[in-house]
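Just below sit the structures, each encoded as structure tokens.
Two complexes follow with chain A in common, the first pairing it with chain B and the second with chain C.
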Partner chain A sequence: MIEKFKDWEQNRHEYAKEWKERTGGKVMGCFCTYVPEEVLYAAGVLPVRILGSHEPQDVTEPHIFGMFCPFCRDCLAQGLKGRYDYLNGIMIAQSCLHIRQTFWSWQKHVEGLEYSKFFIMPHKVQSKDAPEFLRGEIEEFVAEVEEWTGKKITDEALDNAIAVYNKNRELMRKLYDLRKDPNPPISGEEVMEISMAMEMVDKAEHNAALEELLEWLPSRTDKPSGTRLMIVGSEDDDITFLNMVETSGGLFVVDDHCTGSRYFWNQVEPAEDRLMAIAQRYIDRPPCPTKDWEERKRLPHIVGLAKDWDVAGAIIMQQKFCDPHELDFVAVKKALEDAGVPTLFLEFDVTVPIGQFKIRVEAFLEMIGDEDLF
Partner chain B sequence: MADKVELWRWTESRWTNPDMDWKGKLITSGIDVGSVSSQAVILADGELYAYSNMRTGSNSPDSAMNAINWAMEDTGLKLDDITYTVGTGYGRVNVPFAQKPITEIACHARGANAIYGNTVRTVLDMGGQDCKAIHCDERGKVTNFLMNDKCAAGTGRGMEVFADLLGVSINEVGDLSLNVEEEPDPVSSTCVVYAKTEATGLLREGWPTNKVLAAYCSAMAHRIITLLERIGVEEDFAITGGIAKNVGVVQRLEKEVGIKILRTEYDTQLAGALGGALFAKVLHEKGK
Partner chain C sequence: MEDLYPTEKLKCWNESKDLRMKYYQDYAEAHDNGGLRWAGGAWTFDAIPAGLGDDVYPITSEPYGATLAFDKELSLKCLEATEVKGYPRDLCSYMRNYWGSIITDTFAFGYDAEGNFQPRFLDGVEPLGFPKPDFIWQDHICCSHAKWYQVVSELEGGIPAYSVDNAVGPSHEINDRKIKFVVEQLKEGIEFLVKTTGRDYDDELLYKAIRNHFVSTSKWAEICELNKNIPAPLDEKSIYSLYVFGTLQKAGAQVANFYENVLLPEVQDRVRRGIAAVPTEKFRVMSDTQPPWSFLSIFRYLEEYGCVSVGSLYTFGLLGQWEDKPDGTWGPKTIPDTNFSSRDEALYEYVKYELHKPEWQHFYSCHQKSDMMIRIAREWQLSGVMLHYNRGCEGLSIGIAENRLALIDAGFPVMAFEGNNADEREFDQARTKAKIDAFMETLGAK
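Our next item is the complex of A and B:
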């Protein structure tokens, strides 16, 4: 049942190429989860998240600063190596400086793009003018996509896109709710496969697979077990790391990642002004630290997740050199620890130093549990 | 050609309690296979009976076997007489005769509690490959910890490199480094290779050996302080691991932190294995 998602995630390029052939549609590579994908979907475009491959590489050195994060380097390497050669366009919603560099570099050095878009997502989502501003940007984007694809984005198409995306969000929330159970039917590693696949495949197909999965999960017999953990931080598609933790006695039951819950947490509230409804959704979503000011709204959200999913500890991770997350780390750690949730902080690179992380994780698990030793 | 003296080689040791008879007692052991050194500690009814402390070879299971065999030497003990063994350290999963692996972070906290007493709240384990600052409660249970990142600066391995470079026995580094009229500025503490390059430059400038050692011990102390500052130091404060034997680092650390560091007659390298052996006793008694 989970194999399907794993297959999508592991063969992401094959899926996209096959999708193109099957539908004759265009594929848009996205660098950030603030991209209003509903617009693309309504125009028959498949949005896919561009992620790295976790392999050491030597092609990005001339293009990305040394103190930029490993993730932005890993993503650019995929482009320079031609692994995303099927993309018709690339797009970023204004996010951090590092991934923006990946976008600019890709635009300049990777050939064959019909359309590239730097979408102006306001950083200050807390401004009272942000929804109206974002609505304007989306309106402009709709016109550009119509011109690019030669298709009119009708109200019906937008309604359908909103419905498919909302369904996906609803099903993912149901999946996460199952993890509140004292014996969750699914591991964090498996959920990561599912949420990565979610950012790569047609949401309608993902929905169908999710519905089947949700029907099957309650009857699953080989349920995972372990100390309940939460993982909080930046982009994270490090399946090797989750596997290591979950084979060392931990079990992830919830996360706050843009490759996880931040991507799908809230729905578009349908309204007559569809573009405003979409804009509002992206303004209201659980924020990335680049957007989370002046008030830090992430903190009560993260602490709420920790409480509702009853975690014994939290691993706070970030991509090495990720300034926005590094700046947030101190506050996140304090908020969680004030709420009685112990934390472990780890910095991720392209490859995971399993041995060095394993000792930290095992010691953390011993610290939050294991009264047997005394 | 004369035999090359291995200056980095610290003194290996073993010990048996001459006043104790192990027969009829519960025998538990802890094996700490570190990146540089391996220790075996044997307890009889929870009391220290024998130990060994030797260099880790390239093969963890062999190192564990060598350590326990040396600890059992002349005691009449056989491996089968040991009821429960805990493996710890870098090679904790490679101790062939252990019932359970436990991290060296938990074991060092427990070991420091046994060595220094239950008033210890902060343990600094300065090992061969990494350095850990640990907070613990009155039972020696870890309440918080922090490890250094991927670098040999501030570790035993770095100290070995310096002993070798300067032609000084590692056992004498600490004392020599204190024999300076004025404390020199520390060398680079980010990277042991850079520190070595810098030290080579200082030697070329005519610095005497002890002054260069002072600069390195000082760098190591500063490196560790950045770790301690992130987690905080609660009294009592104790150090375990091989670097605890280096008075040049310990005194500088004490001065910088401004908190007295507990002293002990025990071999500080034993803390991990001792903690493991104590856990082994509890685990056996609880039937785990």
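Our next item is the complex of A and C:
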């Protein structure tokens, strides 16, 4: 059952090319989860998240100064190496400074794009004026997409897109709810495969596969086991790391990542003004640190996840040089520890030092397990 | 090296130093006279708190971070204190200095034995503790802006804070809807200020402050434009001491007056008389981003080659406001009509004007920044460009590698040097000088 998602994730480019061939539609590469994908979906465009490949590379040095996060450079490497040569367009929603450099360099140096969009997602989502402002940005975006695709985005198409996306979010929440069980039927590594696939394939297909999975999971016999953990922090698609932790005695049961729960946590509340409904959803979603001010709303959300999923510890993972999360993790660590959740802080690069991290993770698991070593 | 032009010191130099010292003294002593202190960034809409009264004094974050960086001993203590609290050393170095000043409770200024307000690093000066602001009034376009003050508030045990999202898009996409989003936030911000301080709000003071803002930012651009002349009347090392007023209190009457009535006439006079900043001027370059504040001597090192750094998009456009002139050149932005009839009108004009700030544009496109840099390189007749790959400021270093490629494509030699504006542990002076040696040789200097 998990294989389908794993196949999508691991063969993301083949999937997108096949989808184009099959549907005749356009594919949009997205650099941030604040992109209002419903609009693209309604126009028959497949939004795919651009992620890195976790391989050392030597092509981005002339384009992005080395003080910026490894993730943004890894993503750009994919473009410069031609791995996303099937994209018709690229798009970013305003979030952190790092990843927008990937967008700019891609815009200039990767050939074959028909359309590129720097979407102004407001930073101050806590402003009462933000939904209206975002609605206006979405309205302008709709007009641009209509011009680009030559297709009118009708109310019916938007309703369908909202329904498909909401279904996906509902099913993912069900999947996460199953992990509240004292013996969760699925591992963190498997969920990461599903989450990543979610950002790469047609949501309707993902929904169908999720429904089958959710039907099967309760009867699963080979359930994973381990110390219940949460993972919190920057963008994270490091499956190798999750595998290492889960083969060392840990079990991830929940996360706060943009490649995980932050992407799908809340739904669009359908309303007559569809664009406002979409805007409100992106305003209300669990925030990225870049948008979590003046009040720190991430903290109660993260502590709430830790409590509700009954975690024994949290791993705070930090993409090296990721300023937004560097501005949050001290407060996140304190909030978790004040709530009785021990934490382990690890700094990630394109490749992670698995051996060293394994020693630290094992020590952490021993500590929170209060094991008698001798 | 033989002098090619006459030179002389700036007559307003001491006045400028006094102006800067008074700014920090006013902030530190505000409570003594029943006034208010507030904190916010150099880009914040500082005309807004001005409506609370004439006794409301700001401390802007980045210039204060630079001031700390110049005080090497204190800076190291601040940086290390911040690291002890768990914050990474690759975060904004201004911010880390600033946080460290709070953590160590050490202000960069104090009083000498005679009771004179002085920089802390002078002998016999007893530093003050960090003067806690009464409220925070910030803007947010860089990832660190509002977050900076989230931490400040936490470190100080809670300070009322309001931040404005000004990242609404590049200048060529500005429209009524985008302007109004910022205006509405400012209006709510005024309500916040009134509620927080318990003071009435005076729109006439707001109008005056907005006028000051227009004058400061336009006249600063006019001053920088004069550096198109050969020889350049100002060098960038001096410009750093002068542009700072726009970062301290651009809506302040004292800043508008200094730029319009003191500095501008003096620089115009220097141009008329052919007074050079660097008498040996043969080569003209520009830099980019904040300099390594502890190592401004590299700009004097350039002069040994007859090279003057005439400025940068950073010093010209961080606060300066520019526009296309009828002859196709880049010149100071025309000051709008300031006969405001309502708060709404004043705020609208203020925001509309401000959203065209050159140094806000690269947050949306590094290519737009490249175009502006190439324009400066051409109009200011530069021989080459020195790019500071600045580890201390992600906001101004974003896209810098693409800027380098674009400048090279446009035919300008580029020398990149790596450093940090406010963490001297990340600057290699000897290596930078060696790079300057090689760069000058490339430009034809012997």
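Here is the rule we use: the second predicted complex is superposed on the first by the 369 of 374 C-alpha atoms of A that agree within 3 Å, B and C clash if a C-alpha of one lies under 4 Å from a C-alpha of the other, contacts with A are read in each partner's own complex, and residues count from 1 in each chain.
Just so we're on the same page, a residue touches a chain if its C-beta (ideal position, glycine included) is under 8 Å from a C-beta of that chain, and two chains touch if they have at least 3 such contacts.
Predicted model, so just to flag it, every value in this text is computed and none were measured.
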*asked:* Quick check for you: in the superposed arrangement, does A:R296 touch first (chain B), second (chain C), both or neither?
replied: second
Q: For A:I120, decide between first (touching chain B), second (touching chain C), both and neither.
A: second
Per residue count on chain A, the busier partner among chain B and chain C is C
- Query: Taking the superposition as given, does A:K333 touch the first partner, chain B, the second, chain C, both, or neither?
  - Reply: second
- Query: Touching A:I278, do we find chain B (first), chain C (second), both, or neither?
  - Reply: neither
Applying the document's definition of touch, where does A:M200 land relative to chain B and chain C: first, second, both, or neither?
neither
- Task: Could you look at A:I186 and tell me whether it touches chain B, chain C, both or neither (first, second, both, neither)?
- Result: neither
Chain C partner, complex, touching residues on chain A are 61-65, 67-68, 94, 96-98, 100-101, 104-105, 107-108, 118, 120, 122-124, 127-130, 132-133, 136, 289-290, 293-294, 296, 320-321, 323-324, 326-331, 333
Note: in the complex, chain C contacts chain A through residues 85-88, 90-92, 140-144, 146-151, 154, 161-165, 167-169, 177-178, 181, 184-185, 188, 363-367, 389, 391, 394-395, 397-402, 404-405
Note: in the complex, chain B contacts chain A through residues 90, 102-106, 110, 130, 139-145, 147, 149-150, 279, 282-283, 286, 288
Chain B partner, complex, touching residues on chain A are 342, 347, 353, 355-356, 359-360, 362-363, 366-367, 370, 372-374
